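Below you'll find a set of structures to go through.
What follows is a pair of complexes built around chain A, which joins chain B in one and chain C in the other.
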Partner chain A sequence: MPKLYDYVLSGSCYKVRLLLGMLGIAHETQAVDFFPGREHKRPEFLALNPLGQLPVLEDDGLVLRDAQAILCHLANKHDTSGNWLPRDDRFGPVMLWLSFAGGELMAISGARMIAMLNYPGDLVALQAKARTALRLLDDHLADRAQAGGLWLVGPTPTIADIATFPYVALSHDAGIGHEDYPAINLWQRQVRKLPGFVGMPGVPDYF
Partner chain B sequence: MSLTDDRAALDQWYTLGALRDFPVGAETPSRLLGEDLTVRRLSDGVEVRAAGRTLPVRTDYGHLWTSFGTPEHALFALPESQEPDRRWIHCGPVRVRASGLRLVENFLDLAHFPYVHTDILGSEAHPEVAKYEVEQRRDVDELWATKCEFYQPKAAAASDEGQISKYMYRVVSPFNVMLYKTPPTAPDRWDVIALFVQPLDEAVSVAHAFMLVIDETSTDAELSAFQQMIFVQDKIVLENQRPSLLPLQPGRETPTRADLSSVLYRRWLKEKQLRFGTEPRTDLQSTDLPNA
Partner chain C sequence: MADWIPIALGRDVPDGVTRAVIVDGREVMIWRGEDGVAHVWEDRCPHRGMRLSLGFVRSNALNCLYHGWQYGAGANCLRIPAHPDLTVPPTIRANAYAAAETGGMVWMSADGASPAPLLPEATPVISLAIEAAPERVLAALGSSTAHPIAALPGAAGLLQLGWHRVHAAKTMLHATGTGADIAAATAQLRALRQNLEQGAAA
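The block that comes next holds the complex of A and B.
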C-alpha cells in the first residue's frame, strides 16, 4: 500500500492527498512534524529525501520525492482512464503546467511561510512574484473559458489541475486575495466539484 | 504603531513563545502590544528589552512570559504541568491577521464546531449547544465555563470513533485561555489545551497553542498536526471577521444563548476597561472613556 509522508498544512502534500482522493487509492499516511519540530531536516527523514522536503511517497519499494513526480507516478500506475496523465498531444502542456506548479507558483508557498509561520524572507518580493504567476494562470484560464474549456489542458481534469490548485487556493495565507482572478475562481469551483475532492485547512469553503 | 497606552493591556503577562524557540546565546526580535522587543537567552536566564528598558520575565510552563506593566495577579496556576504522565506538545507560533481578543472568543465558542471543524470537532447533524454554566471567579480573576458537552466525530488525534466530549473553559487573562476536555483514552481525566495569544498589534496576533495531554499512542507529530489543522481552519474565519477589532459597544453584535461565555468575556473586558484589540466605542461620554 502506498505510504505518504504527510504534513497537514503543506500545500505540496495536499496535491498528493487530492489525487489519492480522486483516484480512490487506498494508502497510509505518516505525520511528519514539519513545524515547529523540523522533523524533515532530521537524519531519519533525510535518509528518505536528502533534500529535506515534503512530500515523500513510498510505493512497493519505490521512494519518490517531489509532489509533481509523485502525481505522475500515481496517475501512471493507478489511473485506468488514461486522462489524468494523457499520453497524446496533451502530454506536453500537462508537463508545462506541472512545471509551473512546482516552479513559479511556489512563490505563494514561500510568501505563506513568511506571513503565517514567521519564516525569514522577503514577503513583498515573493507576493509580487506570486501575483505575476496568478495573472498568467488567470489569463490562460480565461482563454480556455472563451473556447469553452473548463480545465488547464484538454476536455478533462488532469494532474496539471491537481498540481496547480493547492497553492492557488491557499493564497489567502500568503496575504493574496482571489478578487483579481475571475477565471481562476470559476476554475476553482470546477475543481471543488470533482468526485473525491478533499479540502484542507486554509482552503476556503465559500465557493 | 507604537506601544499602547492601554493600562489594562500593559498590566498583563504575555507569552513570547516556547522557551526552546529562543536558542541560548542568540538575540531574537519579537513584538508585543505595538512595540518591538529583543529577547536575549543567556546561559543563566533570559533578558527581554524594549526601548532601552528591561522588562520582567518568567519562564513557567515551558514558555517565556513578559509584561510592560505591573500585573495585578501572579501568572496563572497550571497544576496539570506537575503530572508526570502528561505529554507536553508545543504546536508552534502561527500568525493571524485578527485581534487577539477575537482569537480568544473563537476559542471559547462551541457553536462553530459543526461548520468550521466539520466531521472532526462537530457534525452538521448535531449542531445544538447544550446549556452550560459560566462564572467569574473573583478570587483568582478568571472566567470559567463548565458543564459543556458536545458530540464530536473525531475529538482528538487518538479518536477512532465519535464521543460526547465534556469541556471546561478557563480564561486566565484577556489574551490567555485554555480548555479542559475528555481524552478519548482516559475519560476520568482532563486534557489541557491552551491558547496563549501574543498580540503584536491591535489586529495582528501570534497564536501559541500548547497542550498537556494524556495519550499513549499518538506521535508528537500527530498530536501537533491535529491541533494545527483545527487552528488553521479557524484562522481563515478569524481573518475574515468584520470588524476585525472586537466590538464591545452594545448592539454591534448580537449574542445568542450559546454565546454565554462570550457575553461574560466581553463584560469582563469592559470591567477591566481593556481597549487594545477592541473597536473604538462611540456610545461613551468623554468622561466615561477608559483611562481618559
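The block that comes next holds the complex of A and C.
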C-alpha cells in the first residue's frame, strides 16, 4: 500500500492527497512534524529525501520525492481511464502545467510560509511573482473557457489541474485574493466538484 | 463612490457562485442565487467579519463559511445553525448595495438613489485587471472616468467596456461586444493591458 509522508498544512502534500482521493487509492499516511519540529531536516527523513522536502511517497519499495513526480507515478500506476495522465497530444501540455505548478506557482508557497509561519524572505517580491503566475493561469483559463473548455488541458481533468489547484486555492494565506482572476474563480469551483475531492485547512470541501 | 458602477461580467458569476471584487478599495462580493438574481454585498459577515465571498450559495441564500449564518436575498439573516430554534432578529443583516444587471454586466450603487442604466444585451468578452490608474486607462480608450462605459472600435468589432476603480493604480475592465470576434477582442484588450502596464513601469 502506498505510504505518503505528509504535513497537513503543506500545499504540495495536498496535491498528492487530492489525487489519492480522486483515484480512490487505498494508502497510509505518516505525519511529519514540518513546523515547528523541522522533522523533514532530521537524518531519518533525509535518508528518504536528501533535499529535505515534503511530500515523499513510498510505493512497493519505490521512494519518490517531488509532488509532480508523485502525481505522474500514481496516475501511471493506478488510473485505468488514462485521462489523468494522457499519452496523446495532451501529454506535453500536461507536463507544461506540472512544471508551472512546481515552478512559478511555488512563489505562492514561499509567500505563504513568510505570511503564516514567519519564515524569512521578501514577501512583497514573492507576492509579485505569484501574481504574475496567477495572471498567466487566468489568461489561459479564460481562453479555455471561451473555447468551451473547463480544464487546463483537454476535455477532462488531468493531473495538471490537480498540481495547480492547491496553491491557487491557498493564495489567500499568502495575502493574495482572487479578485483579479475571474476565470480562476470559476475553474477552482469545477475542481471542488470533482468526485473524491478533499479539502484541507484553508480549502473548504464545500462550495 | 460614483453612482452606478459595473463591477463584473454577469457570465463570470453563474448561478450558485460567489465572486470577490475590490471596488475603490472596498471589499465587495457578488453572489447569484439559483433563481438567477445577482446580489452585491459588502464582503463581510456581520457576525465575525469573515469574507462572505468564501461562503456558499444554497437555493437563494448565501451561507457564511465560518459559522454557517445564512442570509436571504433581502440580506437579512435567516438562520444561525448554532441556535437552530432562534427566530433571528431582523436587525442582523449583511450590508447590501443596490445591484442591477444590464448590458452583460453586474452593476452596483452605494445608495441606488438613481435608476440603474439600461443597456442593450451584449456578448461577454473578458474582464481584465490592469495595473494602471483608471484615468490613464480611460484616456488610452479615448474616454474619461466621467463615463461608466467606453466604446472601443477595432478590427474585432465594436466593444463596450465597463470599468471600475480597484484602487488608485489598478483598473478592472469588463468588455462586451455585439457581433465581436471574442478571441480577437481578447487579444486586443490584452495588448492594451500590456501597453498600459509597460507605460506605468517606464
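The rule we apply is simple: the second predicted complex is superposed on the first by the 203 of 207 C-alpha atoms of A that agree within 3 Å, B and C clash if a C-alpha of one lies under 4 Å from a C-alpha of the other, contacts with A are read in each partner's own complex, and residues count from 1 in each chain.
Going forward, a contact is a pair of C-beta atoms (placed from the backbone, for glycine too) under 8 Å apart; a residue touches a chain by one contact, two chains touch by 3 or more.
No experiment lies behind these values; they were computed from the predicted model shown.
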| A:143 contacts which: chain B (first), chain C (second), both, neither? | second
| task | Have a look at where A:204 lands relative to chain B and chain C in the superposition and call it first, second, both or neither. | result | both
| First (chain B), second (chain C), both or neither touched by A:185 | second
| request: Could you say whether A:177 touches chain B, chain C, both of them, or neither, answering first, second, both or neither? | output: second
| request: State whether A:118 touches chain B only (first), chain C only (second), both chains, or neither. | output: first
| task | Would you sort A:35 into first (chain B), second (chain C), both or neither based on which partner it touches? | result | first
| said: According to the stated criteria, A:9 is in contact with first (chain B), second (chain C), both, or neither; which is it? | reply: first
| Can you pull the chain A residues that chain B and chain C both touch? | 172, 204
| remark: Within their complex, chain C touches chain A through residues 8-9, 12, 14, 17, 19-22, 54, 56, 65, 126-127, 129, 166, 172, 182-183, 186, 190
| task | Would you tell me which residues of chain B are touching chain A in their complex? | result | 18, 21, 90-95, 97, 206, 219-222, 224-226, 228-233, 235-236, 239
| chain C partner contacts - residues on chain A that touch it in the complex | 135, 139, 142-143, 146, 172, 177-183, 185-186, 189, 204, 206-207
| Residue ranges of chain A touching chain B (in the complex, touch as defined) | 7-9, 31-33, 35-37, 39, 115-118, 172-173, 175, 201-202, 204
